[in-house]
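Some structures are shown below for you to check.
Below are two complexes that have chain A in common, paired first with chain B and then with chain C.
And now, the complex of A and B:
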């Protein structure tokens, strides 16, 4: 779904047309976005902003990374997955154990190479694990495939990880990572250094979105879209659907592994409770809210969900501290805030699907076209 | 051998509850094509409604009549909730793509779960005074807990009621017609909206009774909704649109769950009992992609 260019903008070669940033205005817009993203650590030092927004920002980046694989599978390849948290968990545990239990040579630790290496390994392992559960996709599709991805969640997190993997090292279910262990180059990345986590997440998000965008417009991406639109037709056109589906599962698992390996730096511990089924569904909800089959939609959806959670939290906390004096019997609201969040998220998904089935990305597309085609704008449905 | 038979009998009795809940699921799918992932939460809601009614009633009358009355109350509340849910959310989703409809039910499950915990809190709650005494019955020389025994009876009775409703009454026949061919049913004067509403009502009722029975076994908490989620392996095993498949699948999954708990737990300590139906389902799907008696979809480009 590409948008219209403003009047008077023409391309003289295919190369120009394929560019990421095609007009000076888009270049300026993206540049502004990069500057804004980089200046957030300075912005939160202001009194009226508050440092907790930095953690909101990197949580959003984590959701973008984690939902990227879901977007790939559902939005580009048409394979519905409801078990992505399993692969994120595999990545997180792989990275943690590599950082903690491998006797790294001294120079690897000194130059902070162990953690970046473990991120790549986590991605590969999560990708292979994901291929394992993608194998049934060769035979089943639709709801039956949904069930096998759900089985991936139930087999991986409550059984394999909780019962076996997290017993390694004998430190119980929640494994904490000592401060200062996670280093990228000379920088230590742990909760004492929110800015480091944020900037690192920014780098990862930029790399992964760039990779995804380029894959989507290559032969691979076109094959996935063909499978999504009609797999039988794709097969008759010569697309090897089994291998392309498995490749989609591998790449999606790879992104999930990177997400999981990144987030251990922000948590500084791993525990199965961060990879429950709720999160699998949350990430599918994110891409539905943002828009299926669009990378922008992924960003919009993550931002929307994180902001709604944050505002809900602020609202309920503010409300209860304001009301507590006059209505002390309302104190139970604060203790149950997580359930209010969950209910609100459920309702948000339902209302988005009923009233905005194309997601936020579609509204953004309409808005862009309105200004590009001004003064002869037509914002009706369709291309 | 005695151990095996013991597990088998308990499995059948537990499985009958799954079969009851799965019946509700299959009815929704057959009639309206909605794949409902909120079944676990419906089960939990049923359990909690029954519990709060039971606590009220048990102060007024004898235990047996209080429990019976609260099950009837649960059926009524379930019917109302089912009709409301269908009218507010699901009717607008008719004809939308499969993922959208599934995610609406997922949204419903978040909403219901949050609401249940806001209203009833997360602590485990038990039916007090106990509805079924702890002393087990003797069935063919095997000890069977009274809870399991009466759950089995109740599930069987309700299943018979639902199936005969589906087969012999006018409303049931219109549901069957709608499931078979919606367009033909519409042209013969069957109201599809009424059928969808009825299907959701019945599913809520079945899940509600399932929840109140499961709540009697281990107490009520979040894990009841996980047990309700086991309905998904059941329906996949039996085939999505087969009512006998749901019943057989429920029994088989119940038995398998108990056997895996009895025999595999020593090799794989921990939660193998809850996970085994899912593992079984994945392997089963590799060999029979449409379950036991599900319709095979023949696709054209």
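And now, the complex of A and C:
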């Protein structure tokens, strides 16, 4: 039986309970989200929204893709990682080199198949690279695992990629991708085409979140959650924790590789500078703000981080144009505010850890529950 | 409480609303105030604001005010991209002022498609070939020319003449070059190919490169690594803090080599931070150092005191002067383009580009010898600002001019082929 509001919906089997589309309301909600997401390019074309919001939106999508693996490892499997930018870098370089240096048959180039294929390969290579650094998770956990994942960052980016991989091609460390090289089917996806990058990022985010959602409700996902909650109990129940942990590292690395391969389309330029340790921290921060162990939390966290930076940018530039014209000697005010931008992210993490450790996803859950029962919600105040 | 929040929010929204003033020309500036190159970036941003105030108080751009939109991107390329798109779509800037090599090269395809002129603080030689990057301009002698010039001057003035290398020279030993820079940084690695080519031209040997972070606080292992190769000269490609660390460690570990430094690593801070270890270091510079006796320096100093009186004079550096050269160039290019047709009339990009390409022996603020900047010439086939490199050295704790070298005059047969290196 189904209803428009989840309240009053009773499931008669686990299969029903685990369905993607449990009620027509959920179908409608998801449909609305798809319409809203697809309407952004239209709003930009109509000049109702500035074109820069497309780049803000695809940066958010990039963060979702990159932090998805972090969410899987920390939120679902309980394995702490602080070196995820390394796997994103592996994906980016793999895809770039495949697109630039492999002598693709003409039809692969003409039909824009080379780049999509490179994305899959980037995911697999980043996944395998991630497994390599996940191996210590068989023996260590907690702080010790943090150290080994940090080693992934230092070994991969400054050593392997900077010293060896990025030297291929003779340009030095930075590699430009000529305009028109990155094609998906007949569409050229490069920085001159924000709309294309945004729509492409939407497709990748939808596919990856769908995959993650499906994995999370499968045997695999349940095993990861069991390991997260209590690895000894999970092993007692027959879960091979080493295999499942390594599988978690592979899938997390796979998503990171896809993120890296995607973002080269937005930059047309790849350099080890784009994968510094800051990003590994940022993506952990995103899931802390959004909510650990929640796919929705990942989306909320990415949106929060990108929008906070954007809002500060708007404030500072607003001050520049509004105040600075009349009082140039107050330039130091805007310069000082800029330093707040760097601390805003750290402050946000502290704020969430103290006041909302369950993240934005928990607030959303509370809001949803309130409206599920609205207007006859139970207040607990008695009759 | 709710009223207060609403009022504050309204105030913030009002502040965020762009001012659509008539007779204004907007320039967007992407700067690094908090990232890996903020050691040199902060002073630059101060100088930009002061120079814009000066321009506006002295007639602006053909009587129109120059409106500056300056924002920090923390040396993170993704942020530079979103800021540029905001500048382009929302603020409708006339042209862009950029900072790092990474963001300038990453945004190059986009600005060229948008026909948006970008003047960068990155003097990467890769940005100087108009066939590849027609809308990119730089205001200082490019890194590759600077690196070639510094090595040539060292070879001719130090290696061939100094007593320090007399024994090695007479024994027939070839001098060896080792490069210290952050491999992962497009800025630091940009002139590597050129300097190694120059070493080959001069008949020098080249030892293995040493990877030193832009934020390095210790470079002992790199110095010890280089010591094994017994280099005669080390080229430093990083910014000041990192270069100072390497120079001090080289001194402490008794590495006998001389040091030559790219322009972003050579300034008064290097003198302060290295002390005795810095004596004899040779560095390239885009213009005169702060406080030097050159035309227009008086105005620069006056505006530092007027606009940012809280920043002590002793903390001022060459970056302030560079900002004046940069925005002086922007002022003149915009004025030429605006004279033909108002900048606000679209599209202004091709006119501003054409205006830059009319620069012939240009000097800041129309004053001969202003700010010690060698004359700048751009053409539609060559965006290298100048073949002249200004090389300074640290002597008795002071920066003094060592030599001005014209690389085109010195290597006339090779100059054309070095475009885009």
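Criterion: the second predicted complex is superposed on the first by the 346 of 383 C-alpha atoms of A that agree within 3 Å, B and C clash if a C-alpha of one lies under 4 Å from a C-alpha of the other, contacts with A are read in each partner's own complex, and residues count from 1 in each chain.
Everything below uses one rule, namely that a contact is a pair of C-beta atoms (placed from the backbone, for glycine too) under 8 Å apart; a residue touches a chain by one contact, two chains touch by 3 or more.
Everything numeric here is computed off the predicted structure, so don't read it as measured data.
In the superposed model, A:195 lies in contact with neither chain B nor chain C. Touch criterion met: A:346 reaches chain B, while chain C stays clear of it. By the touch criterion defined above, A:284 lies against chain B but remains apart from chain C after alignment on the C-alpha atoms of chain A. Contact with chain B, but none with chain C, is seen for A:139 once the two complexes are overlaid on the shared chain.
When the two structures are aligned on the shared chain, A:150 is found in touch with chain B, with no touch to chain C.
By the touch criterion stated above, A:55 is placed in contact with chain C alone, chain B being left untouched.
When the two structures are aligned on the shared chain, A:162 is found in touch with chain B and with chain C. When the two structures are aligned on the shared chain, A:356 is found in touch with neither chain B nor chain C.
Residues 158, 162-163, 278, 339, 341-342 of chain A touch chain B in one complex and chain C in the other. Of all residues in chain C, only 12, 14-19, 21, 24, 33-34, 42, 45-46, 49, 52-53, 56, 65, 67-72, 74-79, 81-83, 85-86, 88-91, 101-102, 105-110, 113, 183-186, 189-190, 192-193, 211, 213, 306-308, 310 touch chain A in the complex they form. Residues 35, 37, 89, 92-93, 96, 98-100, 102-104, 106-115, 117-118, 232-233, 236, 240, 268-272, 274-275, 278-279, 281-282, 285-286, 289-290, 299-301 of chain B are the ones touching chain A in the complex. Of all residues in chain A, only 74, 80, 82, 133, 135-136, 139-140, 142-144, 146-148, 150-151, 154-155, 158-159, 162-164, 230, 232-233, 236, 278, 281, 284-285, 288, 292, 336, 339-350, 353-354, 357 touch chain B in the complex they form. Of all residues in chain A, only 50-52, 54-56, 59, 62, 157-158, 161-163, 166, 170, 172-174, 176, 179, 190-192, 194, 263, 266-269, 271-274, 278, 309-310, 313-325, 328-329, 331-332, 334-335, 338-339, 341-342 touch chain C in the complex they form.
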